[in-house]
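Next come two complexes built around chain A: one with chain B, the other with chain C.
For the complex of A and B:
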């Protein structure tokens, strides 16, 4: 394991106390969930942004189910359970919440947080079709309205210079993260996808300036390690791409099964993974510029496939599969996560045209399906090995 | 037997442990025993019975492949392989024209697609629910107070197919009890249950598609009522099995064991020849 990852873990363990102290000195902390919340604006206002994302805890899911129907995904149910329980060190330190309406279940969660827990909640409207001019205008106005409401609530004012600085910081962060991400997919990798995933998610919580510095330190370490690396590549490895519903911190079920069975994840387009950081070009340092930058990214899965030929998500998926030389796609869907579940068949058909193997794993946080998932993934790995490599050549008796 | 390559496939399923002994391209022995609590013990016992049936001993085996849900506890095996790959290999070995397999076992059901070389190209498994599996029929035999193997023949005696709308095992059980209370003939309800399972499997095939020839494997494949319902619902003819369909996974495991042993021998020969050259 790289040394900087340990430093990141240590810093994460100290972060809740730092937030507490910051709040005591009058700084506000905003907890957000979604895909299109423009963090640059929050940061530029002098508010500490924390991305709330946690999963994998069945007990919290049950607690959350007191507030929201079980026909909503476990991720949003757990989020409500987390807020109800109030023990999470980050949740304890949140002054205001922000959600975007990208996924309608998240939007519903926002309403429930406000209604049941009497929290200050800001909701950012998101268009259902990102391609129309009207959609751009709508989202710019939503971003402006979101900013104005935050200013009103906190008494802070957005400063143009600070926004420019924030955009610069976030651009540099994204650029560094993308460079780090490429290392995990290399043949003689010195860092795994799983470790990079952990680093990405550490960025939800750490101070953004310090996070960039830790990313730069990680990158330096990787450059040195890779140059001196004598890692032998495994010819039998199966390189996998992960897509579909969110896999937040705490939800280790699928990742652990894949790892245990010897599959190697080399890429993802998860909204808890690398995809939010890709293709985000902010052309002018204004609220409108930030909004347009977010709108021009790869859209979230909650938005429907309008045209399979031109859909940016599918295009991006192919691009990433090619870039990271993945041999198959594991498509993770959470029960009642309709946006991704309904797209599974279409995605499978599109991939099949290029003969890319596809496996949907439909699950939730309960452990009862671990063995069934294990069999599916093991069979998927065998299927790829049998058709792409001569696995039988290496057998020890 | 010293010059003959003998291998074994052990399929430790949720209800039955199946073992096949394979020698130079032929199935020479087999056993089917109920699965008990100890997976390792089940596998070893199955092996012992199958070996005894052909007068062989453990040391005669060159390679053992374990499969089925109990494969994770098979220290006696040289390699473990999933039942999906093993059923594909077994069905392809028995009937090389197989392009689609329905494997219906004790606790799950699988739809498997193969290419012309017998490689798995796609598969789907039932989710958590027991509906569409052997367990579903087991629950039903209890309702009708008959043996599991009697359900199929009873289904074939039906004069009409009653609709059993739910394929949830628990709900279907209460629905069945209601139909009996209404005075419906048991055989008409039983065929309805088989069609309910077939409809559920049809849904699973929507994910992988069907291509002939269709092979039906697993313990439930012995049930003729299930065969009929599947042929009607899927609108396709199922291949007549030349082997006990319950043994297909173990056959596949034994065939793979045979291939693996041969390939490893080739590798060893190649390595020793390279070694001699370099010396």
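For the complex of A and C:
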């Protein structure tokens, strides 16, 4: 394991205490969930942003079901359970919550957090016709309103210079993450996809400046290690791409099964993975510029797109599959996660046209389906080993 | 299984013949004699399922022969398939929409808007001679086909099974993306891979969320959505819809909504419910003027219905099949219906629902920019507001309807309604002291008995 990852883990364990101290000195902490929350603005306001994303805990899912129905996905149920329980060190340190309306269930969760737990909740409206000019205008106005409400609540004012600094910091962070990500997919990799995934998710919590510094340290370490690493041939290696519903920190069921069976994940387009960091171009250091940067990224699955041929989400998926030489796609869907479940069959069909094997794993956080998933993935890996030939190419992003 | 065939006795014929004609959008007229003949001699053979009062599925036909408007509603329902076949052959353009939205812009553009129930009706009307069980099996089979094309977790499939698999002559799928349905935008998107993807246009009117009616930019954005919607409809019809056309459509629909509200006020004012639950539901929703694929026909029957209900209330006439002083239930949730037959057998009656009533009771301003007025009114639908606002409106309806209990039902797979069911019930319970029940409904389920048990227990519990 690379040394910096251990440092990141240590820093994560210390982070809740730091948040507590920061709050004691008057700094506000904002916990957010969604896909289009513009963190740069929150950061520039002097608020500490924390991305709330946790999964894999059946007990909390049950607790959350007291407030939201069992016909909602386990991710949002667990989030409500987490807030109800109030033991999570990050949840304990959140002053205000922010959600966006990308996923309708996340939006409903925001309403319930406000109603049942009487928390200060800010909601950012997200247009479904996101590719229209009118929709962009709407989103810019939503971002401005979101900022104004945050300013009003915290008594802070957005400073243009600080926003520019924040954009620079976040751009650098994204750029470094993308470079690190490419290393995991290389032939002589010294870091695995799940280690990079862990690093990505550490960024939800760590201080953003320190996080960038740790990423740069990771990159330096990778450059050195990779130069000296030897390529080990593994004839049985199966390179997999993961797509579909969110896999947040705490939910490692599927990833661990794949690993144990010898599958090698080399790429993803998960909401909780690399995709939010790709193609985010902020053209001007203003609220509007940030808003458009977010909206113009690869869209989240919850935002419908009515033409299959020009769908940017699918286009990006193919691009990443090619980039990382993936041989098959494991499509992870959480039960009642409509944005991704509804697209499973279609995704399978479009991949089949390019002869890319596809396996949908439809699951929850319960452990009862582990063996069933194991059997299906084992068969999928065998099938790929027997039917496809791996072509190694240079991996770069 | 208890079965009962609905038939209309000759003793009510004369009374029915005294009632009004129905005039259709194209100016054609149908007389009560023709309607009676259809209901007594033609329809029971052609559509036997509609006349079977089945304890598991209910019926489609009204069994109250003394209420002409209810019989005419049955007539319009059962002839909708044939009328649509003819009209589309003659150039009528049809849009698939979802419930929970008004159809003013579609009317303005001269496009007939059909929500899922009407598209189902169109499809089922194309086959004759089916019993209620065969009909239900057919519906389940159709849904299964949609699930294969979309997802087995879908509830609203945006008519995929009929439009993409059955070649039903729908020209555009163009719903609103409101919170009432979590599936609609994903199901709409699924049409992009259907067999008829190149023939059927797709459009989504993007409904902004979260205090939307209080945000100027959200209203402006929805105005743009409505303008684009009308433009897209115009591309299909080859006509150009003017603002005057939209104003005229708003006026027409306001007329329907006003009469619908008058009718509801009359119905609720009565100590004795003047109709049973099935007829009440049909008459209330008629105010939307979109239930029969013909606005003028709906308006005619609605106007007659209001007068009949006024008369019944004045004379203290009790709805067909109801017990004395039935327990009064208000039902919340999208696309759900209790089995009125079973509810009434157990001594209760459904007095109102929030679903279509939300937009059926929202008037649109008639002076000024029609797009703005329509956008603002649409974004004010009580059903689409925050938990507290929606609950406050629900409480108002519960009080007006003198309901004694509230049920919040949601279909399996309906994320956004199920998400707030508990919260809405908690507020209603807290503010009114009324008992509430949250229960899941299986849209085309095979085991309604479990749900019915819970509802029966709830009815028993109401004092």
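Quick note on the criterion: the second predicted complex is superposed on the first by the 386 of 397 C-alpha atoms of A that agree within 3 Å, B and C clash if a C-alpha of one lies under 4 Å from a C-alpha of the other, contacts with A are read in each partner's own complex, and residues count from 1 in each chain.
Basically, a contact is a pair of C-beta atoms (placed from the backbone, for glycine too) under 8 Å apart; a residue touches a chain by one contact, two chains touch by 3 or more.
Quick caveat, the model's predicted, so the values are computed rather than measured.
**Student:** In the superposed arrangement, which partner chain does A:3 touch: chain B (first), chain C (second), both, or neither?
**Tutor:** In the superposed model, A:3 contacts neither chain B nor chain C.
**Student:** Identify the partner contact of A:145: answer first if only chain B is touched, second if only chain C is, both if each is, neither if none is.
**Tutor:** second
**Student:** Looking at A:369, would you say it contacts chain B, chain C, both, or neither? Reply first, second, both or neither.
**Tutor:** After superposing on A, A:369 lies in contact with chain B but is clear of chain C.
**Student:** For A:379, decide between first (touching chain B), second (touching chain C), both and neither.
**Tutor:** After superposing on A, A:379 lies in contact with chain B but is clear of chain C.
**Student:** Taking the superposition on A as described, I'd like to know which of chain B and chain C A:17 touches: first, second, both or neither.
**Tutor:** In the superposition, A:17 touches no partner, neither chain B nor chain C.
**Student:** Quick check on the superposed pair: does A:387 touch chain B, chain C, both, or neither? Answer first, second, both or neither.
**Tutor:** It touches chain B, and chain C stays clear.
**Student:** Does chain B (first) or chain C (second) touch A:220, or do both, or does neither?
**Tutor:** neither
**Student:** Could you let me know whether more residues of chain A are touched by chain B or by chain C?
**Tutor:** C
**Student:** Name the contact category of A:72: first (chain B only), second (chain C only), both, or neither.
**Tutor:** So A:72 only meets chain C here.
**Student:** Once chain A of both complexes is superposed, is A:345 in touch with chain B (first), chain C (second), both, or neither?
**Tutor:** The answer is both, since A:345 touches chain B and chain C.
**Student:** Identify the residues of chain A that lie in both the chain B contact region and the chain C contact region.
**Tutor:** In chain A, positions 345 sit in both the chain B and chain C interfaces.
**Student:** For a test of understanding, state which residues of chain A touch chain B in their complex under the given definition.
**Tutor:** Within the complex, chain A touches chain B at residues 345, 348, 357, 360, 362, 368-369, 371-372, 375-376, 378-379, 382-383, 386-387, 392-397.
**Student:** Which bits of chain C are touching chain A when the two form their complex?
**Tutor:** 148-151, 153-154, 177, 179, 182-183, 185-193, 197, 202-204, 206, 208-210, 212, 215, 217-218, 220-221, 224-225, 228, 386-388, 410, 412-416, 418-423, 438, 440
**Student:** Where on chain A does chain C make contact in their complex?
**Tutor:** Where chain A meets chain C, its residues are 66-69, 71-73, 101, 104-105, 107-109, 111-112, 114-116, 123, 125, 127-129, 132, 134-135, 137-138, 141-142, 145, 304-308, 335-336, 338-339, 341-346, 349.
**Student:** In the complex formed with chain A, which residues of chain B make contact?
**Tutor:** The contact residues of chain B facing chain A are 63, 69, 78-79, 81-85, 108, 115, 119-123, 125, 127-128, 207, 259-261, 263-264, 267.
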